[in-house]
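Below you'll find the structures, each written out as structure tokens.
Next come two complexes built around subunit A: one with subunit B, the other with subunit C.
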Partner chain A sequence: MPTPPPATTRSAERTAPAPGTVALLLADARLPGGGHAHSASLEPALLGGLPVDDVPAWMAGRATTVSLVEAGTAVVTAHVLTTGGAHGLDAVARAWAARTPSGALRDAARLLGRGYLRVARTLWADHHAVAAAAGLAVRHGSVPRAVVLGAVAAACGLGPADLVRLTVYDDAQTAASALLKLEPLDPLVPARWVLDACAAAEPHVARVAACTTPDDIPSSGAPLTEGWAEAHALTQQRLFRA
Partner chain B sequence: MTTTSSLADTRATTAVRLSRGTVPGSPVRVDATDGLLAVRTVSRGAVRAEVALVATGAVLLGGDHVVVRVDVADGCALRITDVGGTVAYDGEGAACRWDVEVRLGRGARLDWAGMPLVVAGGANVVRATTVRLGAGARLVLRETVVLGRDGEHGGRVVVRSDVADDVGPVLVEEVVASGTAPVPGVLGPYRVLDTLTDVHATDELEALEESDLPGPVPGATTLRLDRGGTVTRWLGAATHLSPVERALAHHRPKPGEDG
Partner chain C sequence: MPENPLPETAPTTTARPLRLGVAGPVGVGKSSLIATVCRALATELEIGVITNDIYTDEDARFLRSAGVLEPERIRAVETGACPHTAIRDDVTANLLAAEDLAADFAPLDLVVIESGGDNLTATFSPALVDAQIFVLDVAGGGDVARKGGPGIGRADLLVVNKTDLAPHVGVDVERMVADASAAREGRAVIALSRTDESSVAALRAWVLDVLAAYRSGAHVAQDPGPMAPHFHADEDGGVLHSHADGDHAHSHADDHDVVAR
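And now, the complex of A and B:
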């Protein structure tokens, strides 16, 4: 894993945590980032008629479709902010929005982005990558979660392959922990499903980690999940935001 | 996107270009090139034309690469009708491609209510639609993909859409489905993916007026795109059950509207 470039002289004087440690922090449900209010589309799916028996296959399906759109967005964000390439963050956010046709899912991702940005601005206050994500939030009124994740990866030196795995894992674990609140189940059963979903994504990791421009970002959609998300956004009978 | 050489060998391009007549007051000019599909002009007006696409032989067979190129000049409007649906047959391992490349000039419009693409068992199809919208251009496109003929699981299909205007991407999507390996959340148990895309290029990042968007279709999902425009989508068991047909009626020109 590459050593992160020092953001400022002051932070360079401190001992920086290893990027892998930051990934652990970001994936930890105890971090107050706002993720607890979300089910990664699981509650909409169950309300829409997905049988509980199909949840593991649905999780693997997510890990190889919509999660990769998020992961690719985060990877390209980190690349743009690390290299200062020609494509600005606005183009990355636009590419993400064009690949996220469901307004309900864009709203949910932007709500999560707000919570993540609060975390990022507190923990990496001096870093230009986080300032760039904050600037995007000011210009557009919001910033999607994947862009903030990419900014944090740029700030702490988390490599692209680990960033893809972090994004996929976080999505799967969010669904798994939501499932336990929605269905009575042995808590270790969905833990197996999380690992299986991450394993399903593994053949795609190298391809997504190699993305460098907004056009490279995967656009793999899940029409049924998008339909469920739209219906869920209109219902009052829900435990989770999305 | 890479194309394997075996596919490139069998590329057959059908092209339609609609432009203003050279003499003032004359009807629009339709330039056509026939490929695996032939172009038949149905009607022509001052700025509008309607053409039909007719298959010239059995399509789609394994190894076929259909390319349909549509170019509508500034201020012109084209309507395309498919004379029949298309079946992608069992290619015994050989993939086939169906590429649609649309370029709409400033203020141009294309209405294309395509007939279903049926992906037979054993078929392996990539269907890619690339659209470039000039300022103020509008596209209304129906795409229906059916996994399998009656009583059949159906093969594998990749449905790609890439719509952009001068500002940037409007809709970029890839749906991968297989009749023998259905994925919950993608198409799940359904075999019909019926999509009506209605997109409008804007000079600026302003959303369309609400009144300009088709109303929600009961039973279908309406996705409102970030840049304006909608994708109305229905997943189901059979095409004749689809409510998207009703949404489409909304877009058909009223008698006398054609010029």
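And now, the complex of A and C:
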């Protein structure tokens, strides 16, 4: 006869996973959220003429500009949902859109947002933060990925600094993974570039993690990336959505 | 639970269109088969098509240029160079595209999803499609049907395509279909040529039958599984099992006869 499970097992089943574990889940490319069809702007950049040798510097550039816009949006979303009401999300989404001038990149981020929302609604179905992001999707017809990330952070208790690091890492790793589909190279080489990009963002983590209002969200842009994204959206030869 | 109705999750009722997957290796005529289905049914069904090209939107453009559907009803999604992933491990992009098509052209009867051509192990997840067609062609060789695999063995329908080419490539169509039928334990097989009207009629009738069964609630989506049923030798004499039967309690780390992706 099997031994009955000890009482501690039963109570452990009701315990939430550590927020850091949820961050690992969200950063894992095996999570079915639709991310595998995206290149974090790398395919548009290469098509636009970025030399492969410049990719590491380009990744560090993203980690200190557009990734911080995404990270700040997620941080403010989590703050709004943790401290106030869901009504504040509209302003967060507007602030994000104002800082993401390329329509192609906004569309791609909203597509990712729908995929992430499917994940979030499945895994945190009862949490008000996820319901608030879903409500925004109904009102606006879509919700950007960064807002869903912020809602998940609020739902699982992920702190703002780790949320910034998660956002930066996910962007860098997405580009690194896409690079292996686009250029021949040793798969371990871009792993170093991911760590370098994350290191480049580290001096900015505290500043972005401290954001509490939509106005606080960084507005650091990357105009060349935005132009490449617009051109890429019109091509007929794409491996990746954006 | 959220109070608002949510577009991200289509209701799992027969109110939404039947989602039909079409998979099979590169070059077997998946796009052509879809054009044939659309041509045969466009006057009686509202149809949308999603293509999963690997490098380009070639398939979507082929179907648009075939003139069998309004161009807007044919959409391409990117797969990040992983056509297998997009129909099985992470169906998000296809699911969202299917929901969008259904919303934009409501009421649709049928959404056909064409997989990017992949190997014999690629099948659709039941999270994405209600039924699936696996396509082979005679030009790929008469022995392919015997090789088996989840799509050949357990897709809802196996199509042996381009039968009009059989005399030119030295394939005995009857024998290929017999091999396929044996591998499929009696599941449906159609030997198709777009120039053979009776075979097109058989395909048309099969689609309508599946649609009727889906609407009545009688149709249950089957997962062909990522792998073929296979034999595990052990001290008790071994066991033949299928991954469609829910028996996953063993590792394939040492298997050499299975390609996982």
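To be clear about the criterion, the second predicted complex is superposed on the first by the 226 of 242 C-alpha atoms of A that agree within 3 Å, B and C clash if a C-alpha of one lies under 4 Å from a C-alpha of the other, contacts with A are read in each partner's own complex, and residues count from 1 in each chain.
FYI, a residue touches a chain if its C-beta (ideal position, glycine included) is under 8 Å from a C-beta of that chain, and two chains touch if they have at least 3 such contacts.
Source: prediction; values computed, not measured.
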item	value
Combined model on subunit A where subunit B meets subunit C, clash or fit	fit
Subunit B versus subunit C as contact partner of A:T212, first or second or both or neither	neither
First, second, both or neither for A:A137, with subunit B first and subunit C second	second
Three-chain overlay, closest Cα atoms of subunit B and subunit C, distance in Å	21
Subunit C-contacting residues of subunit A that also contact subunit B	none
Residues of subunit C defined as touching subunit A within the complex	1-9, 54-57, 61, 77-82, 85-86, 89-93, 95-96
Of all residues in subunit B, those that touch subunit A in their complex	160, 163-164, 168-176, 183-188, 190, 193, 221-227, 231, 233, 235
Residues of subunit A defined as touching subunit C within the complex	30, 32-39, 111, 114-115, 117-118, 121, 125-126, 130-131, 134-135, 137-138, 178, 181, 236-241
Parts of subunit A lying in touch with subunit B, wherever the complex brings them together	41, 45, 50, 54-55, 57-58, 60-62, 65, 91, 94-95, 97-103, 106, 214, 218-227, 230-231
